[in-house]
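What follows are several structures.
Here subunit A shows up in two complexes: once beside subunit B, once beside subunit C.
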Partner chain A sequence: MKLLLLPSLVVIAVFAAALGGLFRYSVLEFVPGSLTPGGFTLANFRAVVSAQYLGYVWDTVVLSAATTVLTLVASYPVAYALARTPSRATRSWLLILTLAPFFTGAIVRTYAWILVLGNAVVTWPIPMLFTERGVLIGLVHFSMPTMILLLAAAISHVDPAYERAAASLGARPGRVFRRVTLPLSLPGIVSGSLIVFAWTLSAFPTPELLGGGRVKMIANGVKDLALDSFNWPGAAAFAILALGLTLGLLSVVGRLAARPAPE
Partner chain B sequence: MIGRVVIALLVAFMTLPTVVVVIASFNPTAIMSVPPAGLSLRWYVNALTYPQFRRAAVNSLVATAAAALLALPIGTAAALALERGRLRARNLWTTLLLSPLVVPGVAAGLGFLILAAALGLLRSRTVLVAAHVALVLPFVARSVWVSVRNLDPTLERAAASLGATPWRTFRRVTLPLLRPGLIAGFLFAVVVSANEFVVSLFIVNRVTEVLPVAMFTYVVNYTDPTIAAISSLFIAATVTIVWLTDRFVGLAAVFRLDR
Partner chain C sequence: MYTLAYRPDLVKEEITRWSDLWKPSLRGKIAMPDFDPSHIITIAALMEGGNESSWQKGQERLRQLKPSIVAFFSTDAQSQDLMKTGQAPVQVMLSVNAYHLQEQGVAVKVVQPADFPGIVGIDTMAVMAGSKRADAAHQLINLVLSREIQSQLVEGLRAGPVNSGAAVPAKLRGQPGIFLTPAEWKERGYIMDDEVRAKTLPGWREWFTANIVKK
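This part shows the complex of A and B:
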């Protein structure tokens, strides 16, 4: 039985080798005009904390925070409906409509938003395409399926009997929601928000296409360095910063999830 | 009532871009007009005859088929080992197996690019397929694992006690019972691999590029609705696959929404 794990370990080892290469390049010297790096240096990490790249990091954090809040607000009602609808058909349809964009792929979705946001009739009088607002809309749309699934899983674990009990004791629907449903689904809210935040930190196609070169997040900086300037060591250092931010946040999620749920 | 309107609006927001893309793909003019000036299939003809898309479609087909067919047995074996293997560090193995999900695309992409350069494989598809296998493996393992967990071991013991060899038991009892998970896992692998973009962008060139990368390049350089046509084909394929997954296993089970 244990041997069955072996093939997947080979795959993980290849993945680890790729990340190992990333770490190795991040401490090697960039030789302009060559893909072969020079000797050991920490200059790449010093460059990453320069004003230009810290600006990318700041924009990334602000956009990610805004995306998380808006995604949470927009996803909760859909997640609630998904978890609570008595009709099997409604649940199936909501789930398919929720998941379809999840599976449509980044390029198709982002192109779709170019069409919508680039249409002056739709967005008049506020320009949207190639602005942070436009990128924000694209990011929220991108994150909603994930958030809805995580919230729906949390809400479906809240026993509806508690809500009925509160209502039968005279609480109005708004109060039932605020005092019973919301606190009991808090674990889902926290983990959903942290996961969306962490994923948005490394968003790439949405800012690349909807930002039109004017909005740069960390991943866009990595791509510019690696594929346009051929500065693989610099890109590696910047990518490791993104990796560290993402993994750091997700480990917080893991620790929260490992704690027993409050009674 | 207000609740229903809010939910309808939010679902509309989620589906709006998809609807717009499909409408734009049938638009006869290069600049979209509302309401459309007529119906036309010229962008579909354009999309299907553009040489770079054809080449990229073949590359996508090869990479996705290879990745899904490799990941299916590997992921199934991993799911069986994790559920049945009485592993000491089960949580650690699970985390490792799922780790490609949490690594930012640009980090993994650049890592695979550096790996390809180190191995002298910059011109081959080997690294592309290896990267796709790693990226779809968590989805396969997860889907199959749901089926393994629901599998009643007494059925296998019954087969064995009636004289079936372990291999025969596996083939005639275990595999058929795992079928929903296997189908879901395979479909997931196909959808995730066919849509994978960021990692692929780093490790392909003009000759080996896959469809999402070719589409990205087209969007950056041209503004006509050819992309809308090819996107519509993509959406149709994806919706079909998601619907099939729901039919076979129930999406609620895969995402642990079942009560």
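This part shows the complex of A and C:
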């Protein structure tokens, strides 16, 4: 039995070694004009707690939270229809439409949004492309299929008999949804929101392409430091700072989500 | 060469000089690289009587350009997409990218600016210190610099050859970014001090991001 653990231990060791390399680089001096780092220093961490980099972190958290809420609101009706529509044909079409974006890569989808948000297809009354609004739309679209599938799975586990019982006791449809369906589908809401929030924290291609350089999230900041400024120690320090903040944030959100609902 | 390129079908007035970028009529139409802002930083410094070493002289002029910039790009593909879709019809653009778009049928005009030259792009080849295959690496470098390969680069990419013996088709002679003699490299292109560029680029990026990119 212990032998079966061996592959996972190897994988963990490889990731631990990579993380160790990241930590090592983060405390080495950046020498401008050279790819060879200098000696031990904590200057990289002092540099990445500046307003510019903390601004990237703040923008990332705000965009991730907004993406999570909007994705949830936009996905719930689709998931409900997917779980409750009696017609098999309609369910199949909904499922195909939900899964279709999975078959196109993130880059292709984002390029399509460049055309849509950039007045090539629709004329927008306010600028959309290269703004946080445009990035938010791209992130929500990217997250929706996963959220829909998780919510549909949760809703399909809610026995319709509960809803019928509530209705037979005089509850209107809105009340049935608020007091029965919604609370019973909470496990799907919590898991979907956590997953969307966590992966939006590390979003890269959507802000890179739809942000036009003006909207930057944490991953874009790390890439800028590493590949454009050739400041690998700085990039390592920012990545570690972001990793710590992300883990802390997810732990707080996870604990809040795990709290029992008030009676 | 990083120079000016624009879509005459989307920009009514002719662009002939770097200083044209500051015209109010081009507000919201310009894109430029943010991964390497050295070109526009150097041009702004040259316009204010400085150069890449005294780049701070151009800071105020660059701040004035901020409202005109609609987007920044971090790859050649992004630059070409912005030009092709018309999202940013005026760009500080790598000449080979503009020529590539021309070949695809996009109406792009590549400018040889009249006030200051374009900034010559720097590509390098290096052999790792201690390499056991240094001879093979040198052979590769010689091949890349050979007359035959350099002729193909001019023909295929419309990149300026670095071998004076390279064959340059008559239609490409004199085009922006294509230089035939050492004198042309000096007159029609600005070559930054490589050491200044390498050592200052991270600082340029930091300043550029905080003062020009950030809204």
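Criterion: the second predicted complex is superposed on the first by the 221 of 263 C-alpha atoms of A that agree within 3 Å, B and C clash if a C-alpha of one lies under 4 Å from a C-alpha of the other, contacts with A are read in each partner's own complex, and residues count from 1 in each chain.
Note that in this section a contact is a pair of C-beta atoms (placed from the backbone, for glycine too) under 8 Å apart; a residue touches a chain by one contact, two chains touch by 3 or more.
This is a predicted model, so every value here is computed, not measured.
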**Message:** By the touch definition at the top of the document, which applies to A:17: first (subunit B), second (subunit C), both, or neither?
**Reply:** first
**Asked** Does the superposition put A:209 against subunit B (first), subunit C (second), both, or neither?
**Response** both
**Which of subunit B and subunit C A:115 touches, first, second, both or neither** = both
**Message:** For A:156, using the defined touch cut-off, is the partner it touches subunit B, subunit C, both, or neither? Pick first, second, both or neither.
**Reply:** first
**Prompt:** Of the partners subunit B and subunit C, which touch A:228 in the superposed model: first, second, both, neither?
**Reply:** second
**Request:** Check the residue A:90 against both partner chains and state whether it touches subunit B (first), subunit C (second), both, or neither.
**Result:** neither
**Request:** Check the contacts made with subunit A and report whether subunit B or subunit C touches more of its residues.
**Result:** B
**Request:** Overlap the subunit B and subunit C contact sets on subunit A and report the shared residues.
**Result:** 111, 114-115, 209, 227
**Asked** For the complex, which residues does subunit A have touching subunit C?
**Response** 30, 32-33, 52, 55, 111, 114-115, 118, 120, 129-130, 208-209, 212-214, 224, 227-231
**Request:** Can you check the complex and tell me which residues of subunit C touch subunit A?
**Result:** 31, 34-36, 70-74, 78, 81, 85-87, 195, 198-203, 205-206, 209-210, 213-215
**Request:** Note which residues of subunit B are touching subunit A in the complex, please.
**Result:** 3, 6-7, 10-11, 13-18, 20-21, 24, 32, 34, 73-75, 77-78, 80-82, 84-87, 93, 96-97, 99-100, 102-108, 110-115, 117-118, 130-131, 133-134, 137, 141, 191-192, 194-195, 197-198, 201-202, 212, 215-216, 219-220, 227-228, 231, 234-235, 238-239, 241-243, 246, 251-252, 255-257, 259
**Item:** subunit B-touching residues of subunit A, taken from the complex the two chains share
**Value:** 1-9, 11-12, 14-15, 17-22, 24-25, 35, 74-75, 77-78, 81-83, 91-92, 94-101, 103-116, 119, 121, 141, 144-145, 149, 152-153, 156, 198, 201-202, 204-205, 209, 218-219, 222-223, 226-227, 232, 235-236, 239-240, 242-243, 246-247, 250
